[in-house]
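Before anything else, here is the set of structures, which you'll find just below.
What follows is a pair of complexes built around chain A, which joins chain B in one and chain C in the other.
This part shows the complex of A and B:
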């Protein structure tokens, strides 16, 4: 089973490379290098903070677009091209196909996020090398702060959640609708705290319960965002990272399971 | 060969498009770009729709605040309004409540008297109070609030209260307590002002603030030197009956070792209309000197 999933995952990764998805890394690198030069002229000594903010925000945006736009096509493309018929007659079970697809995109995202993290550290390292005084002026957090890795790690898990949601929609819907649903859930996922406290703004007990139920049902994405905390050198404990990542991985597993369920019941005759 | 032909064709088409654009602009000039647009007003609302991109949006507003301040300072005097400065700083700090330098810089930007700034020390204090509410351990904001009261409002009682408040925050340096006492006792005194700028110079982690503190320290030094030179000029006037026409007269009688230069390296000027007969050159980068000390520079008063 593991070998089959691995094969599907490998092919998803290979396809994303063939589709030039990794080209975004070049764009990211150019953006970071260009910004590191320009921002120094504009920000009155805040270049390190802004480069960190920009690097993390750009990783988040690029990762989100990859997760959504590739995620929504993972299953739909196979169905649309009718290649799914050829695949399913092979010794490949439907759940292995779905899990393999998810694992393949997870691998693509991992390579992307890892390379972006390396590029951000490289730019920061270069800035430090060019201006050694930065080390003493960066009072909130060190220039080459290992805490940044926590932000990248949680970002990656957040993207896994988004990927799983996109994959789930991809099992029964077209790419346009799936992308719209996924982006919608991404936005709602950042407003979840409002749903948790819905009883403060409505009088109806039923509506308050509904809000609370939605809070638990929908992905809660805001806790994955520790970008600002990390950049300001505020503590992000390992326990917090582990709990949030654990929630994300479990939520993604639920969505992949649901995707398997929907896909298993689809009739391709 | 085919690639080269295609590249050439693309370059030619691009050149033609650019020429057309330039031609059209010659006849129909582009409308001026207004930078006086805030886009959003409520910081809290922007923070809600930022979807986790609050920090990068705060950076964008911070850059806009700097550009607005710098651009307005360089504008013609009639166009200097600084109307967007506080809203931009408000947005920056609402999006990123831990944006340390936006509070500290922002307070200085807002306090600078017109035309170098909007002269809104009240808004500066309000910004710093918000900073303290979001970061209660940042004694530097309370120090800055004391400083704004001291330097820009000459309200020494409030300044002393803020220094005292700063000294009671955990981790604050010992000298803030003595600064609170000396501000109350010797408020407005040039020496205590020097101490204040020196402390700011030593405690800041930002180059701009440090450079600004250095400039103010040099201005205070220039005021002391003007006093000393004015005393020499008055003595010369009393002895000779007329003020010296040039510094060379004083150098010739060895009352001065050479042409006196201000801390920026520009020679001081002998000016009969100036208090004490000595003034900072208009070309000096130390202009304008802090107005609250200018009267004191006149040894006759």
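This part shows the complex of A and C:
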């Protein structure tokens, strides 16, 4: 089972490596991170924070684009172009196909996020090399702060959640609709915490219940965003990272399971 | 044991968005295909051929009825390992070359290393793509993709191959190659089940055929049982024939068709004494171009069956609800 999943995953990765769109996205992300150095120069005394903030934001935005645009096409493209017919008649079960697709995109995202992290550290390293005095003047957080890795790790898990949602929609709808749904859920996911306290703002008991239900049903993405805390040197504990990542991985597993359930029952007309 | 056995196999699709109604694409198909035979599954467009192949490979699930492939249900891992499938108008990944694609698919069957490399190279040579093995598939023509499709269907050296319109998109040379390949598979002990609407292919290759029209099985059996191969007439083509001589044939000819100036195709009944007729026409100044027996073809039978079915369509193919 693991071998065939690995083969499918490897080919998702291979496809994305050969995809020019992905290169453009990664190029722009790295360019943005590089440009943050120039923008940082314009702000006296805040340059390190600006670079970290912009670097993490660029990684987050471009990571989201990669997750959604590759995620929504992963299954849909195979079904639409009927290339899936050749695969599913071979010793590859439908759940292995879906898990392989997800694993392949997870690998692609990992490499991309790693590249962006390296780019950000490179810019910060370059800055420290140009202005050695920065090390002593950075009071809130060190310039080459290892906390940044926690922000990247949580960003990665957040993108896995987004990918799983995109993959789920991709098993039964076209790319436009899937992208719209996924972006919608991404935005809603950042305001999800408000739904938990819906009863404070509405009178109706039913609406309060609905808010509560949606709170548990929709992904809660705000906890993954630790940019502000990391940039300002506030502690992000390992326990917090582990719990949040655990929630993200659980949510992604549920979405992949749902994708498997939909895909396994599907007729390829 | 049969290679393929279906029992009252039925497939309904839902048509319509707001009020979906079932559409019967395949209706109670019961079929047996023996091992080591080339079986032609014939029918006009929309007859249910591709639906049947997708049911046999479990790309779609039946509404009712049963399927047995190599003695097991089609989802059985053992069946997957022993079966090959060429979909209609196959499409593959743009980013891979034919060699990479076959290497990927061979890997799904657990082939590795040198054995995999040899299998892939051998198959590409067999389908005539050895020279283009490293070319990205997006640069392939339709015919070349069809050849890749055949190669990938054979990557596991299957015991049973399903080929959906294997000749489509191929030029005459390609069709000749595919025919030779199918016969080679049969000689190797493989069962070939192929769908087609090109009847000459079926006539040249199949030991048995089934004809489906409108989702229903019209007939199945040996070609020699379906068709009486006796001579049903003679067709002679004459040149340099005067028009009045052609016109004077009258009731002796079943049909006289003028091809060009002085050139006529004349069809006579089996007992129409073609030798004598040729002699008479020669003495009237005509020259014999050809003389051929007319036999019932699969095409005649097919046209006859299809038109009969289409004249009386089965009631309720789009069925009412409930």
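Criterion: the second predicted complex is superposed on the first by the 253 of 269 C-alpha atoms of A that agree within 3 Å, B and C clash if a C-alpha of one lies under 4 Å from a C-alpha of the other, contacts with A are read in each partner's own complex, and residues count from 1 in each chain.
Just so we're on the same page, a contact is a pair of C-beta atoms (placed from the backbone, for glycine too) under 8 Å apart; a residue touches a chain by one contact, two chains touch by 3 or more.
Since the structure is predicted, the reported quantities are computational estimates derived from the model, not experimental observations.
Colleague: With both complexes superposed on chain A, which partner does A:91 reach: first (chain B), second (chain C), both or neither?
Modeller: second
Colleague: Applying the document's definition of touch, where does A:54 land relative to chain B and chain C: first, second, both, or neither?
Modeller: Touch status of A:54: first partner only.
Colleague: Quick check: in the complex, which residue numbers of chain B touch chain A?
Modeller: So the residues of chain B in touch with chain A come to 48, 51-56, 58-59, 62-63, 66-67, 96, 98, 100-101, 105, 205-208.
Colleague: Quick check on the complex: what are the chain C residues that touch chain A?
Modeller: 13, 54, 57-61, 77, 80-81, 83, 85, 87, 89-93, 95-96, 104-105, 107-110, 149, 152, 156
Colleague: Considering only the defined contacts, which chain A positions touch chain B in the complex?
Modeller: On the chain A side, the touching residues are 42-46, 49-50, 53-54, 56-57, 60, 137, 139-140, 186-187, 190-191, 221-222, 224-225, 227-228, 231-232, 234.
Colleague: In their complex, what parts of chain A are in touch with chain C?
Modeller: 3-4, 7, 11, 14-15, 18-19, 81-83, 85-92, 265, 267-269
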